[in-house]
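Before anything else, here is the set of structures, which you'll find just below.
Shared between the two complexes below is chain A, which has chain B as its partner in the first and chain C in the second.
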Partner chain A sequence: MNKFSLCYISFFFLFFFMLINFFMSIYFIMNQMVMFLEWEIISLNSMNLVMSILLDSISLMFMMFVFLISSSVIMYSKSYMGSELNLNRFIILVLLFVFSMILLIISPNIISIILGWDGLGLVSYCLVIYYQNMKSYNAGMLTVLSNRVGDVMILMVIAWMMNYGSWNYIFYVDFMSNDWSMKIISFMIILAAMTKSAQIPFSSWLPAAMAAPTPVSALVHSSTLVTAGVYLLIRFNNLLMDTLFIKMLMLLSGLTMFMAGICANYEYDLKKIIALSTLSQLGLMMSILSMGYCELAYFHLLTHAMFKALLFMCAGKLIHLMNDNQDIRLMGGLSLYIPLTSLCLNISNLALCGIPFLAGFYSKDLILEVVSMSNLNILVFNLYYISTGLTMFYTIRLLMYLMVNDYNLLSIYNLFEEDYIMLKSMFILLFMSLISGSFLSWMIFSYPYMIYLPFNLKMMVIYVSLLGLLMGNLVSNTNIYSLNKFFLFYKLSSFLTLMWFMPMLSTFGLNYYFLKFGQKLLKNIDMGWSELYSGQGMFKIIKYYSLINYIYQMNNFKIYLYSFVLWMMIYIFMILLM
Partner chain B sequence: MLNMWLMIFIMFMFGNMIFVSKHKHLLIVLMSLEFIVLSIFFSLMLYLSMIENSMFMLMVFLVFSVCEGALGLSILVSMIRTHGNDYFQSFNLI
Partner chain C sequence: MLFFFNSNKMFFLFTLFFSTLISISSNSWLGCWIGLEINLLSFIPLISNPHNLLNSEASLKYFLTQSIASINFLFSIILSLFLMKNFFMNNFISILINSSLLMKMGSTPFHFWFPNIMEGLSWLNCFILMTWQKITPMILLSYYFNMNFLMFIMILNVLIGAIGGFNQTSLRKLMAFSSINNLGWMLSALMISENLWMIYFFLYSFLISIMCFLFYMLNIFYINQMFNFNMKFLIKLSIMINFLSLGGLPPFLGFFPKWLIINYLILNKLYIISFFFIFMSLIMLIFYIRIIYSSFMFFSFKFKWFKIYIKNNFFIMINFFSFISLLGMIFSTLFFM
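Entry: the complex of A and B
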């Protein structure tokens, strides 16, 4: 039977769309054009049902990146999921996801945003539960229910936007920003973005969603799903500028950045480290957006998408090579054995840290310089810089475990990395993660940022990075005589590694108390009072009284007849007397 | 004439009392039923003597009462054949 796979066709289509969007975005930037397409579906007396598409340079650039990453991921999954029976189903799910994301990107009204948003949540659930085991089911449930909170928020935004006459929020964001309804809408939009981008109260789903297949993680959890929240906030930026809620977002996203950086240092699962690194960079994007610099957030979104997708793909290749093993303590010395994969891994990790002139440097360094130039308190400043140091810390720790220390798996190894389908898709993203930083910084910014800093503040980035490098070197010492100090500070260590116990809120806190209450109800009411008044109690009463009734009725036949004769006698006697 | 009715009434009542109260032997019950029949026969005769040309009704009544007695005795005989005695003390209304 000829197994027809959709991989090549979808790869070529997506790559073609990427090229179209690339040239259109450059054209739109150069001519400063915005195109707004409208399709009037139906028009009754005063109601127009119009489907609109907003083609902006922002949306076209973002679409180009989404198409690029998804085409690479589909090509990659041809080899990664090659032994999957239902590969076409997987590809169709990925294409549905890309379609929902595109719908979200190009929509100027809140109704098609919710179509894209709900589509993203639903399709990411289907993709997370793709391997149908218990862990994937739990992870999928956590993912979809966290995302569902955001969906409810956007539904309420739709309800509140009915005050304004149309659902095209594009027209109202800078005009009506002092209106009370708009303040409520801004709160809900921020909350929706926080659930989608896994900020602090809702951050438990992102490490759990690593139960998905790695191509799904590369597409969804690195670049598209989690950046949908950031994109929504970029679109609503003029509305959110000076509200109270954006200051709340600054604190929460700074804390997310910090917490994820700490957690990634305690993790030994490769995909969880990368997930927490994504969470940390998302916190960075959200916090720079909450300070008002939405172009910088967008810039970091795009560059981060490149190297994070590449990092996930390298992780997937490593997992395949290590015989489906994800623990970094069992990997080591890989730079000697698999040079091309470790090339991609190294470049993406160094781009993540912000090493000069790779992709991450342009966005991250600019963000940190702008932060130093702006008016902040010491808490937020510390959160930014210490998180940058922590990024370096977990990256160097990861690289030490993967590359420098000895190979730990088995004595016999066969690391076959010449799988050119996977490698070619990784090379596309490698090329982009090298040049996209500089390319985007020339395209997006029409004038450079004015940065004027004292020497030590400028070197602060290098100081914290070197400090992180030193710490990463020290921590990843796997000699047999080096002590693991985890158990000396057990409470502190478990607090830091379990994401500050916040997943307990979403899992334990929502399940345990309700189930316990249900148990109390069961014991007291279902098996207690309700049995007394309706079930067994009624049975007992009926049995008892029917027994009494039986005793009353258990007469001698003689007595019954006696009473009959007695009455007859009395009756006839009365007749005789009258 | 009136004390005839009183005597008939007393016969009838006592026949009923015995029918109701003596539940040890079926033969006693059947005999009380015959006694009741006898009292009704007497009262019927007294009544029909006052109406011209209708004493034949008494004969019809006599035939039916004899059939009833015969049926009762056959029930007694079959009960003795199945149970061995004619005790019937197990009558409850339920």
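Entry: the complex of A and C
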């Protein structure tokens, strides 16, 4: 009976869908095909509400990656969540999550996109609060409310697009790109994408969402939730290029990349380091996208999805092995004890910082060289290269802590690696993070990019990477007992550790003043004026009139009859006088 | 249910029904008057009960008011015959005739007898008084309708009905005031068309019949009986729904005739009247809800040692009626798509 659990069934189906999507995407690329299906649900006053499906090479290949990652994640969670009572509920939630992502990917219509968009927000909330404790409730609330801002933006885009008669934005992004209301739409789309992809004002939810179970983090941070924003911007790319907002997005995403890179270096929580590295890679995708190279952003999105999912799954396994401990200071020397997991972890980590011929190299190197080729100001250029160095920095620091330094947990402890369900699902992604870079670079680009750079600029990536390697190596030597200089620069360190105070901004900053204002409103309006003038006041008035009515009602019966007769007699006299 | 098997009363019930038919189908005012008189004389034996002082008092009061109204009616129709030809309309004479008819049906400026008499009747007699006894005067009113006078009366009816019932603890008086309120609606329906009046009247009598039969079965006369009464929850719910329906809350049947009337009033540009009607129906809803709400929420007593089990087939009918009152409007929309 155990063999036919929901995990295996859904693994099988998802893997099967992955294969279908793989072959279809190759077929579509070969024949330069696009398939557009449209079902008109209702047509009201020349506004067509349609459910449309767009299948082209972009959406098919993206779906293939989503299916691949979700299939291996679900198989992984068979073991990771093995002792969970409601495993089926968990699997169904993950499947719903994948389903809403698919809806988002295939729909070129802003109304059908909001199905997937809202679904992602809702199900991600359910998954973040899956371990029902106060920390995950808070994290879930932060996540869902940050994402809600983006939902509202999409809703407002729906309202603005009503003028065009249809919500198939795919037809309007080119054609209407000079229209004034399209500018507003582009602004809102960028804001929505910034919330989903956790760019700077909204990025506090992404590390907080680490409260979710690790398979969910693997899925969320690689290919589904956070990449939805990037994907939306890829779809809207033609519209966005001429606007002012895209330049703001370039700056903000560059800062996100920088901020996440620094913050990851301060962090000791294994999952949070990986989450911050995701944030930094998202910043990279967004900034290259805002320069107009949406293909490159898409390329990096896919390769990043592979190794980041693998990285999270390795981290989950480590957490399992380490007695549910997430602190990297307590881990160390793991390459000796758990070689296979360490292999996966090292490969994915090195792919992350772009070691040649792993997945990350192809996309990241190409992005950086294109950046060097294009006209940029020195600020953005520096942000790119410093962030690349920082990526190497925190990766090497993580590797040194995990693989090289001393093992600091309990002195008698058995690391059980031979959990083959986890290992198998990790090997699928390991394979993909080895080959996906070259394979995608052959498939996505119909002709290679021409890069022409002076020698030092070309070697710039290697310079910053070597610098990062050195720094990471040095920093990792500060172990738990050594004197650290945190308190020497207390304010600066707090600023950098706490993600530039963004969690405070989006939790206390948005809570406190509104709650206080709400309390004042409650006292003055709800319990004050509106009670006086609508509820109790009206009641008092009616009661008063009702009492007056009783005084008339309490009269002698004879008086009624007399008064009636008197009334009639008045009229009779009037008739007689007439 | 002895009421229906007393042959004496059966006879008077029969004449009660037929007197109404006589007066509404007669082609002269005198015939109408005759019908009204028979109606009065056959209703008095129905309500009088030698063993109950309140009933006798009510029958006496009823006799006095109705006979005075009849005298005035007779006087004014003869006066109109004297003063002018039969088919002329005259403002003052129409006011005379209308006032005597308003006195007969217990409309507002002459309504003082109505709650007093209701207080002395049993629930079934209340039902007859609130529904059947209103047919004759209203139909006669439609023959000689002084619109300027009656529009004022309608607004007054709705106001007095809503405000008078507000502090009421006696359910019969409360229903009397609710009837006065509905009389305003019915007069406005009558002003627009007789068919509209008929729809309103039928649905109103239907809803009132559920309430009266329920209270008759449960023997409830005052609001405080609701609180410590050990009813089943479903009966409470049924009373609640029927009250809401009577008050005209939208998904229920009672909203349907009010909706029609508001629609026609607005079509005829009678905005002020419809404004008053809608606002006062809110107050009506408030005191309808207040009757049952507290027994639902705060005063929901449950005695373990005192239980009332009502086993009666009559309840099946009431349940069926309340079902119609609950879903009637929804079903009716299905019929007339």
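We adopt the following convention: the second predicted complex is superposed on the first by the 493 of 578 C-alpha atoms of A that agree within 3 Å, B and C clash if a C-alpha of one lies under 4 Å from a C-alpha of the other, contacts with A are read in each partner's own complex, and residues count from 1 in each chain.
By definition in this document, contacts are C-beta pairs under 8 Å (C-beta built on N, C-alpha and C of every residue); 3 or more make two chains touch, one makes a residue touch a chain.
Remember, it's a predicted structure, so these values are computed and weren't measured experimentally.
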Which superposed partner A:564 touches (first chain B, second chain C, both, neither): both
Touched chain A residues, chain B compared with chain C: C
Chain B versus chain C as contact partner of A:47, first or second or both or neither: neither
Partner chain in contact with A:542 - chain B first, chain C second, else both or neither: second
Touching partner for A:572 - first (chain B), second (chain C), both, neither: both
Touched partner set for A:555, first chain B, second chain C, both or neither: both
Doubly contacted chain A residues - partners chain C and chain B: 550, 553, 555, 557, 560-561, 564-565, 568, 572
Contact set on chain A toward chain B in their complex: 550, 553-558, 560-562, 564-565, 568-569, 572, 576
Sites on chain C touched by chain A in the complex: 61, 64-65, 68-69, 72, 75-76, 79, 83, 90, 92-93, 95-96, 99-100, 103, 109-110, 112-113, 115-116, 160, 163-164, 166-167, 283
Chain A residues touching chain C - in the complex, by the definition given at the top: 542-543, 545-547, 549-550, 552-553, 555, 557, 560-561, 564-565, 567-568, 571-572, 574-575, 578
Chain B to chain A touching residues, read off their complex: 5, 9, 13, 16-17, 19-21, 23, 91-94
